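In the two complexes below, chain A is the common chain; its partner is chain B in one and chain C in the other.
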Partner chain A sequence: MSADQDRGGAAIRAEDFIDGFRRPATQGNRVRDMNPISVFLVLGSLAVIAVAVPGIVAPSTVCVVLVLISLAGGVGRPFIGNFSRLFVAIGLLLFVLRSAFAGGTPVLFTIGAITVSMEGVLEGLRFALVVMAISGTVTLYFALIPIKYSMLALELKGVTPRATYVLLAAFQAITDLGKNARVIMDAQKARGIETEGNFVQRVRAFVPVLAPVFLSAIAATEEKAIALDARAFNSRVNHSHLVTLRPTPAWEVVFVAIAILCAVVACAGAVVPWY
Partner chain B sequence: MRRCGGAVVLVSLHDVRFTYAFTEGPALDGVTLELEPGLLHGVVGMNASGKSTLCALIRGVVPHFHEGTLEGDVQVLGRDLSDWDPADLSQTIGCVFDNPFTQISGIKDTVFEEIAIGLENLGVPREAMIQRVKEVVERLGLQALIRKNPNELSGGQRQKVAFASIIAMDTDFIVIDEPTSQLDPEASEEIFGVIDQLRRHGKSVVLVEHKIDLLARYADSIVVMKEGRVVMHGPTRDVLTSDALLDANVPPPEVTALARDLADAGKELPFMPITRSEAYQAISRRMEGRPRGHHTA
Partner chain C sequence: MATDNSFARLMKSYGRLTIFLIPIGIAVNFVGGQIALLLKLPLYLDSIGTILVGATCGALPGALVGLLSNAINSITSPPTFAFAILNVLFGLLAGLLGRYGVFKSWWKTLLSAIPFAFIGGFGGALITIWVLGGAAVGGTGLVVGSLVAAGMPVNTANFVAQLPIDLVDKVPTVLIVFAIISGIPRRLMVKLPLGYVYLSPSGGGPGTGATGASRVR
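Moving on to the complex of A and B:
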């Protein structure tokens, strides 16, 4: 391929990229292309159902549904990985602690002062599953929807750009702080300070880094605010948007309505135990 | 309202003194200055001579954002600075600051979106926004960067992107603080080329810059600062060939320094060059043995 053809190809790709801003943003997947607020409402309804419906069937089902949604949304692999780690690290711990100290009957076994009962095991299981269902909905939401689309959806619903900027910048700050910490750690390392080794050594090297990391972040915040002001961030005209979300189709509205209805029914059932 | 040949004066400062909060000495001390519209005004001086504070004052960042004590009379585009609403100032005066690492919004995923952020804030419709950003991208040669994440760019690339986002806003007055501090010579030339285009299109530019050789080529006037004071302001040639520049510890353009050295050695050039092309002419004329005369170019 000649250099001219190469340049021509790059120009066409750039034009395609720019042309993409003329169309609603897409992630190439029907689930992930749902309006972020719709996804939030559906996942929120699932979390409510897991909490409101007694027993272990509802939270277990919600956990399974979350996995199915992640597969449909094309984020199954990372979500299932993270969700499994949550189950092992937090779910198991919660289950063991709750089961051990909940009391109840019939007693299954006793180890010293700890008495484990069937009621305790069921309560522990439910508690762990409910927490997993709630944390799973949050994890899945962030796996499905980029935070910028969430904020864009909020802005389009009337939330001020200032509020959405604060949220977006807070998420970006986590990345930036990590990067700055690594830079300072590398600088320390270059000066011969031991930054590797066992846990205690690493903690000892990391703690002094925190002050400069946070101080530089605070200093940068002021300059960033001025830089944003230079871009007319405080102008009183209604902001426009380069990126747009696709209009919400009727099926999505119906789907969200059904999810909310299920959550309402589950809550009503919790108050009036008719099932 | 101060006027200059019928037009409103761009910036008028009279005996201005500004001291940042919690500091002892003033950053600007007795500054009196008048800048005409439609020109490129360079600002030079040593570090901590007050250049960035002067820019911040013109742009209204002081005292609207950085607190401190401001004394004297400051007029921007014929209006007293205190009468300006900061939001109106940001729409009227574009401003690029010197630290490229804090010039990126941090909330956009691609350079193309980052350049458009000012236009979004101004409520420009999408299609017009796309056209404007495309045009700026082409002017600054940023095509290869448009898909990249601005948070992952080098300092120089960020500087260009920050510059592009301000250019895209298309204000008539732009204040630029060291736009080439992180750029290589080639990229610096490109930036100056764009600044020159802006000037040719009637924009007013105040530019703080250490690269005096580039200012010599492009600036219409130069302000020399030292310890918070303006020690000289005038047409570029007058300033760059004057002793006031040396007194302010600002090195003259290379060719001007060379011509001074030649003069000291008794080999004076026909005229004092401030750019390479002028130096070429001056040296050629001398080598041809033409009688010495004043440069009339």
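Moving on to the complex of A and C:
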């Protein structure tokens, strides 16, 4: 390939890259391209339905619907993996403990001081399913929507950039400080700090690992402050954005309205029983 | 104007450095828990950032760190959010104690573990009973389960298990906070909202007197 063709290809790629910022951000999927606030409202409505409607059918159905949404959103594999782990680590534990402690009748069996009844099992099952439905909505939201789009949507609704910065920076800091901590721990081990041994020895090893992580992070804040000032972060005018969200289509508004209406009906049903 | 709202005004009153320290505090809460796991410590150590920011920046930033830490943690472990109020209270208490110079001396810091443990243990047990019906999860859940299996009522078992566990957790937590505050350089300490407490000549706190000067790098 000639040098001219090389330069031509690079120019086209650069043009595509620049053009990407002229169009609304897309993740190439209709569900994931929904406005983050719309997704929040739909998933929030599902969580409300799981809590408000009595019995185990509603929370079970919500869990299934969450899996279907994740498949439609193209995040089925990671979501189902995480959701299954939550079911085993938290759902199963809550079910077992709740069933064991709930009491009730008829008694199914007794182990020592623990009496398990049918009433307790049903209550435990509903409780675990409701917690799993709520957990699933939170997990699915973050699987579908990148945090930066959520913050952008909030900023566009008038939330101060300082608040959104705090959240975005927190996610970034968790990753950065986690990496730093591992590097510092290896360095301190190499310097002879005992990271194994008895309890007191291991607690004492905590300070030489965490203190440098925190102090270096504080020292870096000055550079961050200068970088943000250079970008007029503290300017008292509306901020411009490199990324834009696509305008909310009419079908999305109708879809959100239906979801909220279902949640309201479920709540009304909980207050004035219709079942 | 979008930026001129109450949150922005509140943060401005605390100084710009506070905005940068809140994410760091949240990250320290997470990293503290991770290091505890790496060191195979049977402790949570997940409120160091909350107490640290509360003690150096004030009660509200500390409470915000606590709230956001639990909110972010609830993405992977949703029941954690039910306990967010405890982390908020840790931040508020740390701010109050920090203002009174408690974290300037190691023995006052050590004593501060008692109210922190009381909030964590008593409040944690109450939330476990009210929200989770007494079904504690994690290591505490195993202790509660063992006590119930031994014949103790579930509510009593929660209090009996959680208060001592929280005290064992909060003693190293506050001592680590003291050690970190002692290491904050004077030129950074002066910019923190509660920095004046630690730089004041009274007491033997960080950055003061002969002992303080040797600690401040």
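Note that the second predicted complex is superposed on the first by the 242 of 275 C-alpha atoms of A that agree within 3 Å, B and C clash if a C-alpha of one lies under 4 Å from a C-alpha of the other, contacts with A are read in each partner's own complex, and residues count from 1 in each chain.
Just so it is clear, a residue touches a chain if its C-beta (ideal position, glycine included) is under 8 Å from a C-beta of that chain, and two chains touch if they have at least 3 such contacts.
Just so you know, these numbers come straight off a predicted model, no measurement behind them.
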Note to self: Quick check on the superposed pair: does A:F109 touch chain B, chain C, both, or neither? Answer first, second, both or neither.
What the structure shows: neither
Margin query: Which partner chains sit in contact with A:L177 here, chain B, chain C, both or neither? Use first/second/both/neither.
Written below: second
Margin query: Applying the document's definition of touch, where does A:T139 land relative to chain B and chain C: first, second, both, or neither?
Written below: second
Next item on the list: Give one of first, second, both or neither to describe whether A:L242 is in contact with chain B, with chain C, with both, or with none.
Entry: first
Check: Looking at the overlay, does A:V209 come into contact with chain B only (first), chain C only (second), both, or neither?
Finding: second
Next item on the list: For A:A169, select first, second, both or neither according to whether it touches chain B, chain C, the two together, or no partner.
Entry: both
Item checked: Touched partner set for A:R231, first chain B, second chain C, both or neither -> first
Next item on the list: See if chain A has more residues touched by chain B or by chain C, and give me that chain.
Entry: C
Margin query: Residues of chain A that sit at the chain B interface in one complex and at the chain C interface in the other, please.
Written below: 161, 165, 169, 172-173, 176, 224-225, 234, 236-239
Next item on the list: Could you please specify the touching residues of chain A with respect to chain C in the complex?
Entry: 82, 86, 90, 93-94, 97-98, 100-102, 112-114, 127, 131, 134-135, 138-139, 142, 155, 158-163, 165-167, 169-174, 176-178, 181-182, 185, 195-196, 199, 202-203, 205-207, 209-211, 213-215, 217-219, 221, 224-225, 234, 236-239
Check: Which residues, counting only chain A, touch chain B once they are in their complex?
Finding: 10-11, 14, 17-18, 21-22, 146, 148, 161, 165, 168-169, 172-173, 175-176, 220, 223-244
Item checked: Complex contacts: residues of chain B adjacent to chain A -> 59, 61, 65, 86-87, 90-91, 94-97, 99, 101-109, 112-113, 116-127, 129-130, 133-134, 143-144, 146-147, 151, 162, 165-166, 169
Margin query: If we count contacts the way the header does, which residues on chain C are in touch with chain A in the complex?
Written below: 1-5, 7-8, 11, 16-17, 19-24, 26-28, 30-32, 34-36, 38-41, 43, 45, 48, 52, 64, 68, 72, 74-79, 132-137, 141, 145, 148-151, 154, 172, 176, 179-180, 183-185, 188
